[in-house]
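Below, chain A partners chain B and then partners chain C, in two separate complexes.
After this line comes the complex of A and B, so read on.
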């Protein structure tokens, strides 16, 4: 394959990574933004989403599309409820103290991981995609009759991958509308801006925290359900999403949702492209280097507002 | 009517308020005076529930509210205008008011009435709170608290850093609320700003309530003022 079509293929793979990463990172960013705590167990909620998706799809049986549709709805809700319960029983106990929250969410990370190993096991298991038609893609070329289209061998994607990108975009727009256009979004932003004043104006901050923690985890789980037909569910799959989400949230500006999405596209696309042309390890090295540079030269993130 | 009965509170293990007692009648402007660090802001936070009570009772209209969490206490009709205003800076004027209106499920009529008191806010409904002038921010902080139709209004140094015209505007609103029957607890640094509006004055020293006097008796008592306020 020539360079052009090859780049297009790599970009499409990158776009799928970016879409799932954006969902996961927005979940982490939401939790950090509103609650000012770092959730180290975020990747495990991602993993839990994938494992539950497998379990739901397998239990349902029948047509793969039915099982997948059920997983798409039920898995994020279950994970959200589990996370909200963890918030109310554990994070609340440490009073959302930033350092102690890091420690307890590390504990949560191992508990979730080991429980999954004990029940689900060490295997990687696939979930069947609801639909998966191969789409050959055209490329532009100067031929004898001027500019023309042709279909290079190997340049293709699947309807499912395009659907993942579309679904992520829809959900992200939904989150944006929730935060900016609804009452509950207003209440969340007020809590983020001044927790004490929110309480003084009748906002049950602890309930909002549980909701936000659950919503953040549900977004990670949703990303995982979308990716599991492509990647398989495994009890250790939470590491990479956690690392990449941290990278994205730092580059995007802590707590800034639009910044997080832009950074997710940047990191996801370059991860996809560099992985295809070079190696996945180089992609991670470069992303980590970028974080270091951002932290040194622009600690508020590329898109975050300078603290007043 | 709001009554504090021998309340104790503090930060961590450092006690700030010691057996502080205070009564604010409906239709009264009660002024809390004391040096910097005496515990005036802490008293307000204890009333709103932002500080946990270590001991003592807080009674509002005959009901004990000291055990309620902060967000429940706001719903009993306590309007708080904190020191430094503490608006939701990135939200618009309208959104700040919306938060106030949600507290007790107030209607659009309340919003209209509040905006009638502060016409300048009506012209700036879609401006972010951050971009308002100092005086406008104080108006918004006041308006936000009035959106909960408070029985008790707590004002913590509302005129700090404001121009005289703004101070007058705030004072006019406060006296109007008093005349309408609201119980008002006011903290001010400048005595001259207080004496013309206050009905009663309580001095606070090292977290303890000292004398409570009628404001009109205070004019003659320079020694008391010197004792609790002098540096």
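After this line comes the complex of A and C, so read on.
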């Protein structure tokens, strides 16, 4: 393949990564923004979503689309409920102290991961996509008869991958509408601005925290359900999304949702494109170092405004 | 007895006990205890920063690995003898902790934790990237002939136990001395109230940097000793897990107590040892203990002893 079509293929792959990453990172960003805590177990909620999707799809049997549709609804809700329960039993008791929350969510990370290993096992298991038609893509080139379309060999995508990108966009718009247009979003933003003042105005802050924590985890799980027909479900799959979400949330400015989405698209696309041309390890080294340096020299993020 | 005498008696009593134990322990526990003493040295290094300065790092595995690879690579590729290789391992830890400290200390709190985590992750990936020399995840074995220090074969269990004991004693004595020294006192003052320490005219940044360097260097010494005594260096020692473990040891044993790192390492080691007999998911124990400690016993074993029995415990 020539350079042009190759780049287009890489960007398509990157867009799928970016879509899933945006969902996962927005979940992490929401929790950080409203609750001011860092959830290190976020990647494990992602993994739990994928594993539950496999379990639901396998138990349902029948047509792959039916099982997948069920997983798409049930898995995020289940993960959200588990996360909200963890919030109420554990995080509430450490008073959302930032440092203790990190330690306790590291504990949670190992508990979820190892319980999955004990029950689900160490194998990687696939989920069948509901639909998966190959689409050959055209490329424009100056030929003998002037400008014309042709179909280079290997330049193709699947309907499922396009659907993932579309679904992620719909969900992200939904989250944005929820935060800006509904009463519950207003309450969440009030809690984010001033927890004590919100409490004084009769907002049940603890219930809001449990809701936000559950919602954040559910978004990660949703991202995982979408990606699991492309990538297999495995008990250690939470590590990379966690790291990438951290990177995205930090680059986008801690707690800023639009910044997070922009950074997710940037990182997801460049991750897809860079790993086509460079080794993935080198790309990851550069990305982690970049994030550390951003935190040191521009703690408000690349897109965030300096707090007044 | 004065409090100083009590504390000296306790810590030197522990060292004497550990020294005597090698003559009576069965082979299996003898080997375990040498390993525990090296790992407890790592925990002592971690505790200097976390327990006494109040800085929570999530990236100490990079210092441990710096010592391990600083030493191991010299022996493997340049044919060094153990003594200069050990020195290079320790110096690698010193240089790395000075560089990381100078950058990471510009942040505080949660950002400090994430920055150290990111640096450590980059360190781990760098070890994988240079897999040609480091052999990545697989790691490499340091042959028995390369592990003889001044004519003493360190693969021999007795010599190994003694070497581990020497390292542990030296670092315990060093930290016992340090926390009585004005420098250590200032670190505790920074932990208790950073702005007040600053207002009193202490250079907070330099003291914190000193703590990071000291902590990183001790961790590197433990890493170098671990590779030399047990003859293996691998990238798994640079993973996040090896940054979390010292945190767990110190939390369990009691942050900000001198004896805590040893107690925590001892308990965790045997807890994991017993758990791994039943299940491959032995890290579950680590998770449960971390959650339980944060919820119910923030002080750890050492802290509880200090609160209930011996209020003089340093």
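Following the convention adopted for this analysis, the second predicted complex is superposed on the first by the 305 of 308 C-alpha atoms of A that agree within 3 Å, B and C clash if a C-alpha of one lies under 4 Å from a C-alpha of the other, contacts with A are read in each partner's own complex, and residues count from 1 in each chain.
Here, a residue touches a chain if its C-beta (ideal position, glycine included) is under 8 Å from a C-beta of that chain, and two chains touch if they have at least 3 such contacts.
Remember, it's a predicted structure, so these values are computed and weren't measured experimentally.
*Asks:* Is A:115 in contact with chain B, with chain C, with both, or with neither (first, second, both, neither)?
*Replies:* A:115 sits against chain C, while chain B stays out of touch.
*Asks:* Give the label of whichever partner, chain B or chain C, reaches more residues of chain A.
*Replies:* Looking at chain A, the partner in contact with more of its residues is C.
*Asks:* Which partner does A:200 contact after superposing on A: first (chain B), second (chain C), both, neither?
*Replies:* first
*Asks:* Just to be sure I read the superposition right, which of the two partners does A:98 touch: chain B = first, chain C = second, or both, or neither?
*Replies:* second
*Asks:* Classify the contacts of A:190 with the two partner chains as first (chain B alone), second (chain C alone), both, or neither.
*Replies:* Once the two structures are laid over each other on A, A:190 reaches chain B alone.
*Asks:* Touching chain B in one complex and chain C in the other: list those residues of chain A.
*Replies:* Touching chain B in the first complex and chain C in the second, no residue of chain A appears in both lists.
*Asks:* Which residues of chain B touch chain A in the complex?
*Replies:* 48-50, 69-72, 74-75, 80, 82, 86-91, 95, 98-100, 102-104, 144, 148
*Asks:* Quick check: in the complex, which residue numbers of chain A touch chain C?
*Replies:* My answer: residues 38, 90, 93-94, 98-100, 102-104, 106-115, 117-118, 122, 243, 246, 250, 279, 281-282, 284-285, 288-289, 291-293, 295-297, 299.
*Asks:* If we count contacts the way the header does, which residues on chain A are in touch with chain B in the complex?
*Replies:* So the residues of chain A in touch with chain B come to 183, 186-187, 189-190, 193-194, 196-205.
*Asks:* Quick check on the complex: what are the chain C residues that touch chain A?
*Replies:* 56, 58, 103-104, 106-107, 109-111, 113-115, 118-119, 121-122, 125-126, 128-129, 244, 247, 251, 279-284, 286-291, 294-295, 298
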